[in-house]
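Below are two complexes that have subunit A in common, paired first with subunit B and then with subunit C.
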Partner chain A sequence: MTKILYSDDLTACFSAWRKEGTKVLGPVQQAKTSGFGEVQDAKELDLDLVLTDRTLKELFFPRTEPMLSYSIGKQQIDTSEFLPSEHPCIIFGARPCDAAGMAIDDELFNWDYRDEYWFRRRDRSVIMTIACKESDDFCMCTSLGLAPDSAKGSDILLRPLTSGKGWQVEELTPKGSKALLPIASLLKEGTEEAAPTAEVPVLFDLEACTTWLANPENFESHFWKEISERCIGCGTCTYLCPTCHCFDIQDEGDTYEGIRRKNWDSCSFQLFTMHTSGHNPRNTQSARWRQRIMHKFNYFSDKFSVHSCTGCGRCTRECPVDMGVRETLQAISTLPK
Partner chain B sequence: MSIQQQYRSRAKELLQDGSVKMVIGYGEGTTATRRRPIFITNPDDTDRLVLDAACKTNLAGYLLREGLLADQKSVAIFLSPSGVRTINILASESQLSSAQVVVLGFQIQGDTVKALEGTKASDFSPLIAKRKEKRKAQPSHEMTRKLEQMTPAERFAFWEGEFSRCIKCYACRAACPMCWCRRCVVDNNQPQWVNTSSHTLGNLEWNLVRAFHLAGRCVECGNCSEACPVNIPLHLLNRRMTEEVLTAFDHYPGADEHQEPVLASFRKDDPETFIL
Partner chain C sequence: MTETNSTAQKNIYKPAVMKIAAKRDEAPGVKTLRLEFQNPADQEKFAETYRTGMFGLYGIYGEGESTFCVASPETRNDYVECTFRQSGRVTTALAAAEEGDLITFRGPYGNRFPIEEFHGKNLLFIAGGIALPPTRSVIWSCLDQRDKFGKITIVYGARTVADLVYKQEIDEWAEREDVELVLTVDPGGESPDWKHHVGFVPTILEEAAPAPGNCVAVLCGPPIMIKFTLASLKKLGFEEANVYTTLENRMKCGVGKCGRCNVGSVYVCKEGPVFTAEDVSAMPASDL
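Take a look at the complex of A and B:
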């Protein structure tokens, strides 16, 4: 016997959670672009999407957020800090690759210090992931050692029933179990089977890639220029990546009064590494693309023993010139070490 | 011979006889329906070139890659009519010399592609002149009209809603061949003219600045709308600007390479309806 949640009961679940003061978010279409938004009714969800255009990371690491306000007077400097609220929320219907991305970034945001902006939001949120029945041409979780039903980063895993009428419910964390309490009466015990998960082909040999990347001789390889010649440095691949986490700190206002904000930034941009002197250590687009790959599959991996990529495929899916991690790693895995 | 075969052979000849050092064209992409820009220097690689109705990206911006044209050698490039207009604008703005550009012109009509006669950008001027007349006669697009009929408050709300999604990736700028500034005004931080944050104000500022900078320069190639990861209908702004400069100044961007930039030139008969 497993716990089953029927789709027909979903709206009732949302009400039960809301009654407890919990916000409910899920995949929705927002004017031609899909992402995560607050929902009242299950009808608002778009659960047929293979993957939302925008990632889960925006819920924990928004594209812009105020950190503090300052005002400098003759006698004193006043600052006040903005911190995210601890208002609980449930994210219903994340995908395994996105959920895994959050677990990967936990490492980063808790490395040399604990990033309160990230962790306040992480701690207050419960991620209910739905295993994938379908994939598209760009999905590559299996190439990254994950799967369409990976549990990494999720608090609850839902497996779609063959009948299409609901999900098997698997509790993964204490936080997840707690979130099920208010809806306990809506969960049924049953033996209904789960549908098979999507078949996602393995596209490259990750071992071979990381070995090649780890070889310092390849750092200056001509390969980098060839593979990234068409990159226009638009940053799309980083902004839509669930694990890319670079940000910039900006003061808005003037010398005396203003707000300090944390804004997304991207290693694809020329300005990212530009020094005030005018010197730019990564002065070509190929050096910037190499950084993106090296960071994900070498530096990050060395430091945290996990690659900073979940194989969601967005970097290829959304690139205006059809580049992406996939092509690069496929090419690398065929190169001599 | 299919048009693709014909253009492959032409590209091969150009590389073989040394008239160009590189061919910029389209190749196969990750999936059967995607095309990607490719750069060919070896005549034997020309059979990687693809030309079909999926070849939509305006490739002209690649010509401005640092150093590419510095050696005075020529480059051949696949261009649709809006791509040729791009060359004219870039030449009139002293960003390249059109003499270094060999045009492999084509036009997409529905599901088919048609070859266009000519090799120099100026060979296409009669064709572009015809397109100008066609553009003039073309009624405003439905959505443009709809926007036009809104009250200023409604229109503002419409754009506020669209721009609220902007994530300030600047992909629109990166994809636009006309956005060639080495240092964009938004990247200037001494002083900071435009907020870099992607909050409502910052997004409005950015998109309006860009729209104005493209007035009379945009060739409606569609690269920006195509690149925008959150699908903001940037083409609606561009279309409106195009119609404005066309009716007010009879200016069709990129008509030829001697055209003066509409916002940086003055004619005695320019309408001055807005000057008090």
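Take a look at the complex of A and C:
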């Protein structure tokens, strides 16, 4: 016997959570893209999407967020902090690749110094992930050692029933179990089987890639120039990546009062690393693409023993010039070591 | 939101407030600020954590933050000094700030020069131009406990006589019997009354020929000077493991999050800014 949550009870669950002061978010269509938004009714959800256009990371690390406000007097600087104090929230219907990405980002935002802007939102959120029944040509979780039903980063894993009428409920963390308390009466015991998960083919040999990347000689390889020649440096891949976390800090206002903000930034941009002197360590698009790949599959892995990629495939799916992690790693896995 | 004492709750992006206690012109476009913490708790924390080599982010709200070393020594940790060249938006605002004005500071961040490991050894300091500040922090940290070190040699060069920074301190070092000072300016940079060397740092260093035995070298300067000086040190018999230098990359967070200061897998903000020449050799040269 397993716990079953039926789709018909979903709106009642949302009401029960909201009654506790918990916000419910899920995959929805927003303007011309899909992402995670607040929902009242299950009908608002778009659960048929293989993957939302935008990632879960926006919920914890917004595109732009105020960090501090300041006001300057002659002998005084007054600041107030905008540390997130949002309601607890339940994110219903995340995908395993996105959820895994959040656990990877946790490593970075907790690396010796804890980023409260990230963790105050993370700590108040419960991620309910739905295992994938379907995939598309860009999905590559299995190439990264994950799977369409990976539990990493999720508090609860839902496996779609064969009937399509609901989900098996797997509690993964104490935070997840606690989130189920208000809806306990809506969960049924059942024996209904879960549908098979999507079959996602392995697209490249990750170990061969990381071995090639780890060889210092290949840092100067002509390969980098060839593979990135058509990159236009738009930054889309980094913005739509669940594990890209680079940011800028900018003041909005004048020297009397204003707001200090944390904004998404991207290693694709020339100004990202440019020194005041004009010297730029990563002055070409190929050096910047190499940085992105090396960061994900060598530098990050060196520090945190995990690659900073979960195979969501968005970088390739949304790239205006059809390049991404997939093409690069596929090409690398065929190169001589 | 109130601040709590727990480090787990601390906002790493919120700077401390410092007052400009003194401001000094060093050279054309180069200024030194002496800063004092306004909050005793910030001063206490700084004194506890600061070691020579570490850096800070100095800021003016509305303009932003800029990264430079703490130029004052760890042996004088009741204030912070920074020396910078006015070149961008933040440094222009800092240069315009006056004594008594308030600015912001985050830090100290990064690693340090392991000066305990230098005990009993001869020290060779080599600096070029505006890179004397990080070197000066180590120099005073060692001079303030002079008996722990062997012979101390300082080789300092700038483009012109006017570009030499810390002129008063240079005079002080020149007068000390326990310091050997070698000063030079680039050819054409000398003034009529210049009594010291004329020539580039690597050449002058080779002429001075300090002995590499039981000696640690601390080398800071612009990339081109570092490159040629390292070659000279090698010629003189210095091993890369005994040569220390600092790297300076663009930074925003200072604490390993924002993703821009890395050279290869090395985060300059967390694993640096102090490296041995051996460490630097292991980094991908085209990423520097």
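Everything that follows uses one rule, which is that the second predicted complex is superposed on the first by the 336 of 337 C-alpha atoms of A that agree within 3 Å, B and C clash if a C-alpha of one lies under 4 Å from a C-alpha of the other, contacts with A are read in each partner's own complex, and residues count from 1 in each chain.
To be clear about the criterion, a contact is a pair of C-beta atoms (placed from the backbone, for glycine too) under 8 Å apart; a residue touches a chain by one contact, two chains touch by 3 or more.
These numbers come from a predicted model, not from an experiment.
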Quick one: subunit B and subunit C on subunit A, clash or fit?
fit
Please work out whether A:277 is in contact with subunit B alone, subunit C alone, both, or neither, and reply first, second, both or neither.
second
For A:49, select first, second, both or neither according to whether it touches subunit B, subunit C, the two together, or no partner.
neither
Going by the contact rule set out at the top, does A:236 touch subunit B (first), subunit C (second), both, or neither?
first
Partner touching more residues of subunit A, whether subunit B or subunit C
C
Let me test your reading of the model: by the given contact rule, A:322 touches which partner, first (subunit B), second (subunit C), both or neither?
first
Please indicate which partner A:306 is in contact with in the superposed arrangement: first for subunit B, second for subunit C, both, or neither.
neither
Pick one for A:12: touches subunit B only (first), subunit C only (second), both, or neither.
neither
Contacts for A:248 in the overlay, against subunit B (first) and subunit C (second): which applies, first, second, both or neither?
both
In the superposed model, how near does subunit B get to subunit C, counting Cα atoms only, in Å?
6
Can you list the residues of subunit A that meet both subunit B and subunit C?
248, 250
List of subunit A residues in touch with subunit C within their complex:
67-68, 70, 72, 75-77, 79-83, 85, 108-109, 111-117, 216, 219-220, 245-251, 253-256, 258, 260, 262, 265, 267, 272-277, 279, 281-282, 287, 291, 294-295, 298-299, 302-303
Sites on subunit B touched by subunit A in the complex
29-31, 34-39, 57, 61-62, 161-162, 165, 167-171, 174-175, 187, 192, 195-199, 202, 223, 226-227, 229-231
As the complex stands, subunit A meets subunit B at residues 30-33, 53-54, 63-64, 137-138, 229-230, 232-236, 239-240, 248, 250, 252, 261, 263-264, 266, 269, 271, 316, 318, 320-324, 326-327
Looking at the complex, which residues from subunit C come into contact with subunit A?
1, 8-14, 17, 60-65, 87-88, 91, 93, 100, 102, 104, 223, 248-250, 252-253, 255-265, 270, 284, 286-288
